[in-house]
Amino acid sequence: MSLVNLHQVHKYYGDFHVLKGIDLDVKAGEVVSIIGKSGSGKSTLLRCVNGLEEYQKGGITLDGKEVTSEDIQVRRLALSVGMIFQSFNLFPHLTVGENIMLAPTIVLNKSKAEAKTIAEEMLEKVGLGDKFDRYPEKLSGGQQQRVAIARALAMSPKVLLCDEITSALDPELVGDVLKVLEQLAAEGMTLILVTHEMNFARDVGDRVVFMHEGKVWEEGNSKKLLSEPETEELRQFIGAVL
Amino acid sequence: MSLVNLHQVHKYYGDFHVLKGIDLDVKAGEVVSIIGKSGSGKSTLLRCVNGLEEYQKGGITLDGKEVTSEDIQVRRLALSVGMIFQSFNLFPHLTVGENIMLAPTIVLNKSKAEAKTIAEEMLEKVGLGDKFDRYPEKLSGGQQQRVAIARALAMSPKVLLCDEITSALDPELVGDVLKVLEQLAAEGMTLILVTHEMNFARDVGDRVVFMHEGKVWEEGNSKKLLSEPETEELRQFIGAVL
Amino acid sequence: DVLQDIQDRKEIRIAVPQDFPPFGSVGPDLKPQGIDVDMANYIADQLDVDLKIVPVTSANRIPYLQTKKVDLVISSLGKNPEREKAIDFTTPYAPFFLGVFGESSVDVTKMADLAGKTVGVTRGSVEDLELEKYAPKSLNVRRFEDNNTTLTAYLTGQVKLIATGNLVATEIAKRQPQRAPETKFLLKDSPCYIGLAEGEAALQSKINGIISTALENGTLNDISMKWLKAPLPKGFGA
Amino acid sequence: MLYFGDLLPYSDVFFGGLMTTVELTVLTTLLGVALGTLCAVLRQYGGASPRRIVASYVELIRNTPFIVQLFFIFFGLPSIGVMLTPWQASVIALTINLGAYSTEIIRAGLGSIPKGQVEAAKVLGMTFRQTLTRVIFVPAFEKIYPALTSQCIIVMLGSAVISQISVEELTYAANLVQSRNFRAFESYLVTALLYLGLAMIMRYVFKLIGKRLFSFRESS
Amino acid sequence: MIEFSNYDIIRNLIFAAQWTVLLSLVAFIGGTLVALVLTALRLTRNSILQKLVAVYIELFQGTPLLMQMFLCFFGVSLLGYEISAWSAAILALTLFTSAFLVEIWRGCIDTLPKGQWEASRCLGMSFLQILRYIILPQALRVAIAPTVGFSVQVVKGTALASVIGFVELTKAGTMLNNATFEPFKVFAMVAVIYFLLCYPLSLSSKILEKKFNVSR
């Protein structure tokens, strides 16, 4: 059964037509990589899925329920959709532990102790068990991004959206973050990632979606799509990236 | 005859001994490249030559006259020494043309018309004849740096000091600037350049000066020095840069 | 009915000046004292209610009354037709002569001499209105916010002439003999009235009664003796 | 309850007051910014003692109310023999007030100019004064122009206080009218709206001037 | 004739200065509370509320504090409410203070990256929770120096309460001047007292600014 479903989604910024009828279906446990040129609408797509942006036509369903950007919806959504950003967006005034515990306590009304257990577990999972009491600014970019992942995981989302989460990292730190994603994929987490890491998309992803000019231009099995692109646009794109 | 001569120049920042007895002699028409690690005193050396910094011991002569940093001296100096900075330092509120014309009109008291003729000529020389009425921020870094060169040239200096003038540029823009320098060298301009462009130093420069810890550690014919360094320090430096 | 209100709340609120000796000025404790203050006390006594003193300036005393922040204004208030349209007055309780005063060096003896001169005055006072009405057009009237400021302007020499009450001038002379103003000419005989909001007939007749008793039993005269060092003029209040 | 009809006969009083406020604002804006510029230059580039003097002046003015400064100048100074007309006292008080605030603002602008600009001018042989006027001022003022605009408006609004020393500006008009017809609320309301209008016009005029002055940014 | 010694003058001024301090405190607290509400309103994504706040700011930043004092004093009672000079001054100063604080705080909040809002929303926090746990603690750090700096304007603003007859420092000064006829001395003393009240605030604002800038 499909976990995330987009049906003919159109989105405008003012007059600017960003998404021109997106159809997409993601099953539970799938790892879908979205690739495409800058400006092709990849981030916008993710932001529509978790309700950060409104869309004007079509429909998005999550686990069968419709998604809109009304605040209350976003909050309900947040219980099932986690999102990780290119720029980490950790809360600088809270320690790593507090960053992770905040939402479980105030949104899910978990007890402090319970939230702490979860936080520790999640930090362990991303390999930062010893950083509980550090402040984010004391961590490297790669570590910060892994904390952000732990923070999202602590809400036990059904699907995790990742928007170019390695682009702001120094090359030597990218590996650690990808390793965490790989492990999540192996554990059966549903992942939708916008990424420029073609190797990762090919090796870990089940499916690749190539976006071009606000449309899903081509999609299919990762290995096949990347080695034998059908459209000229994807061929050019792959040529430019690799 | 020597155009620029440094004799046992010592310079301190407070207690910190930056230049530890520099001897250097540059003849008219020579192209001298100064290389060395960060912090070795290259910029400081240039800034002492054109009077932007005071030095405490030794002497610098330009065309036989002594150089000090008193304001009036700097102004006299400015008539014979041009300087170009890493960060362009164009005046943002003036057009390219006005940037070049300003000093000739208010310092050399040239007429507007005369200054304009010079400015156009210099812009032509650096290959930006069509940018007279643009504002600097509309130009690429490489173009801005070439305007800075034109601005310095408009004062008809006897020697041009360049402090890492290509370091702030995107790689693809470096070439244009170096081409201009090459052309100036060919026309017989005296150039003293701090640079990390080893190829340029070797191919265009007559002489290379390697600075280390505030001293002229090694100097000599460009090609020879760079291919057969005598000291261990220079060897290491070349190894690191290339 | 304000009179009823006063009696109900057992308190009367009376506006008095604190910048207008000898009617109201402050002592070293910054508490008002003077004719107007004594008058206020007397009225409160007669009504057998507590007194709440509200210090005001000549600029804001009328608004105070109109906005019912006070029940009475005892603030050396002169009467004129324009004011009578806005508020009501009782019978007079103290004598007052308005005049133009100034440094001896300035040669002025009558209204016409004011042409081209500068006179300081407190904005909105009777003397302000008088000057506006009768003075030559070329007179430069410099209006200050309150009597404090007007007096200061004179004492510091910012203006050489002021229009104010005779008593104020006397007071200045006492305090700063070297800048004692001399009387140039009198503007108006303008006895002081107590002001109250329009249409309060009960209060008006009550206060009028208190004033005429005070006139008969000599209280007004005593107050005059105390602050003005002179008895009430003959026929005052008649 | 409210009746604005009584204000009509006094329309030329309001107009006169408005004009005086405008005149005073234009004059003191020019003088104040000039004074601020001078002080900012001294504070930024001057020797130790000019710097200290300017700093004391700025702190003194910024930490005392304008009305007290005004009273001190108008009433206090005569006792040491300095006699000023209300108009002169107001212009001086407003100017030194704006001067102090704009010193701080303009200094921040001067400080924002990269050192390289000054050095570039120096190696082109410009004198310090040439550098200041030809190279530094325009970009420096551009940086702080919005803050300077707000400060000038604040000073214009602050000028309401000078009615206290009998300068016949807008607030004086309001006070005079209310002392004549006892329509205090109406008269102050109208005046407040006039000030609001002035403030908006001032912002607009500053914007227009800024557009001309800093046209080099427009070309983007 | 009553004589005023220097001691009398100083004693009276200092007594009146207590009112200045009290007035400043109450106005500052009032202004802060109102500004908090207004800041929250403008952060909601409701454009009508945002416009209303903008009008409020324009109104109270675009008219003289003196006028606001007069209008509060005479206007409110014209509407049929009792208002003392004290309450009117508090009211006017609160309006004035809040209008400026909202602007100052907006600047501070704008320096926080948009990502902080988005990340919080994605974690399911409500608008008020985001304000309370994410925005406020961070904005507070940035806002504290300019807010303390602005408190100087509030203290100085209380001087204008003198024109509606409230006896604070400036009013006491004019009264004492009238009683003593020594304007130079009296106003100099008044100025000194204001300076002593304000300068520590200015100074601490500068120190706070340095401190928080360094740790950023």
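Order of writing sets the chain letters: A, B, C, D and E. Residues in each chain are counted from 1.
Note that in this section a residue touches a chain if its C-beta (ideal position, glycine included) is under 8 Å from a C-beta of that chain, and two chains touch if they have at least 3 such contacts.
Bear in mind the structure is a predicted one, so any value in this text is a computation, not a measurement.
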{"item": "Lowest number of touching-chain links that must be crossed from chain A to chain D", "value": "2"}
{"item": "Cα superposition of chain A on its sequence copy chain B - rotation in ° rounded to nearest 5", "value": "170"}
{"item": "Chain pair, D-E or A-E, that carries the greater number of C-beta contacts", "value": "D-E"}
{"item": "Centroid-based (C-alpha) most distant chain relative to chain A", "value": "C"}
{"item": "Where chain B and chain D are represented by their mean Cα positions, the distance between them in whole Å", "value": "45"}
{"item": "Distance between chain centroids, defined by C-alpha means - chain C, chain E (Å)", "value": "36"}
{"item": "Chain centre separation (chain B, chain C; CA means) in Å", "value": "83"}
{"item": "Residue list for chain C, restricted to those that touch at least two other chains", "value": "63, 145, 149, 152, 156"}
{"item": "Residues within chain E bordering two or more other chains", "value": "74, 78, 163, 174, 177, 183"}
{"item": "Junction residues of chain A, two or more chains touched", "value": "none"}
{"item": "Inter-chain touch pairs (all)", "value": "A-E, B-D, C-D, C-E, D-E"}
{"item": "Sites on chain E touched by chain C in the complex", "value": "1-2, 4, 8, 12, 15-16, 74, 77-78, 82-84, 163-165, 167, 172, 174-179, 181, 183"}
{"item": "Interface residues, chain E side, partner chain A - complex", "value": "113, 115-116, 118-127, 129, 133-134, 137-138, 141"}
{"item": "Partner chain D, residues of chain C touching it in the complex", "value": "59, 62-63, 66, 82, 86, 120, 123-124, 128-129, 142-145, 149, 152-153, 156-158"}
{"item": "Contacting residues of chain B [partner chain D, same complex]", "value": "50, 52, 71, 74-75, 77-79, 81-83, 85, 87, 89-95, 102-103, 106-108, 135, 137-138, 148, 151-152, 155"}
{"item": "Chain E residues touching chain D - in the complex, by the definition given at the top", "value": "58-59, 61-68, 70-71, 74-75, 78, 152, 156-160, 162-163, 170, 173-174, 177, 182-184, 187-188, 190-191, 194-195, 198-199, 202"}
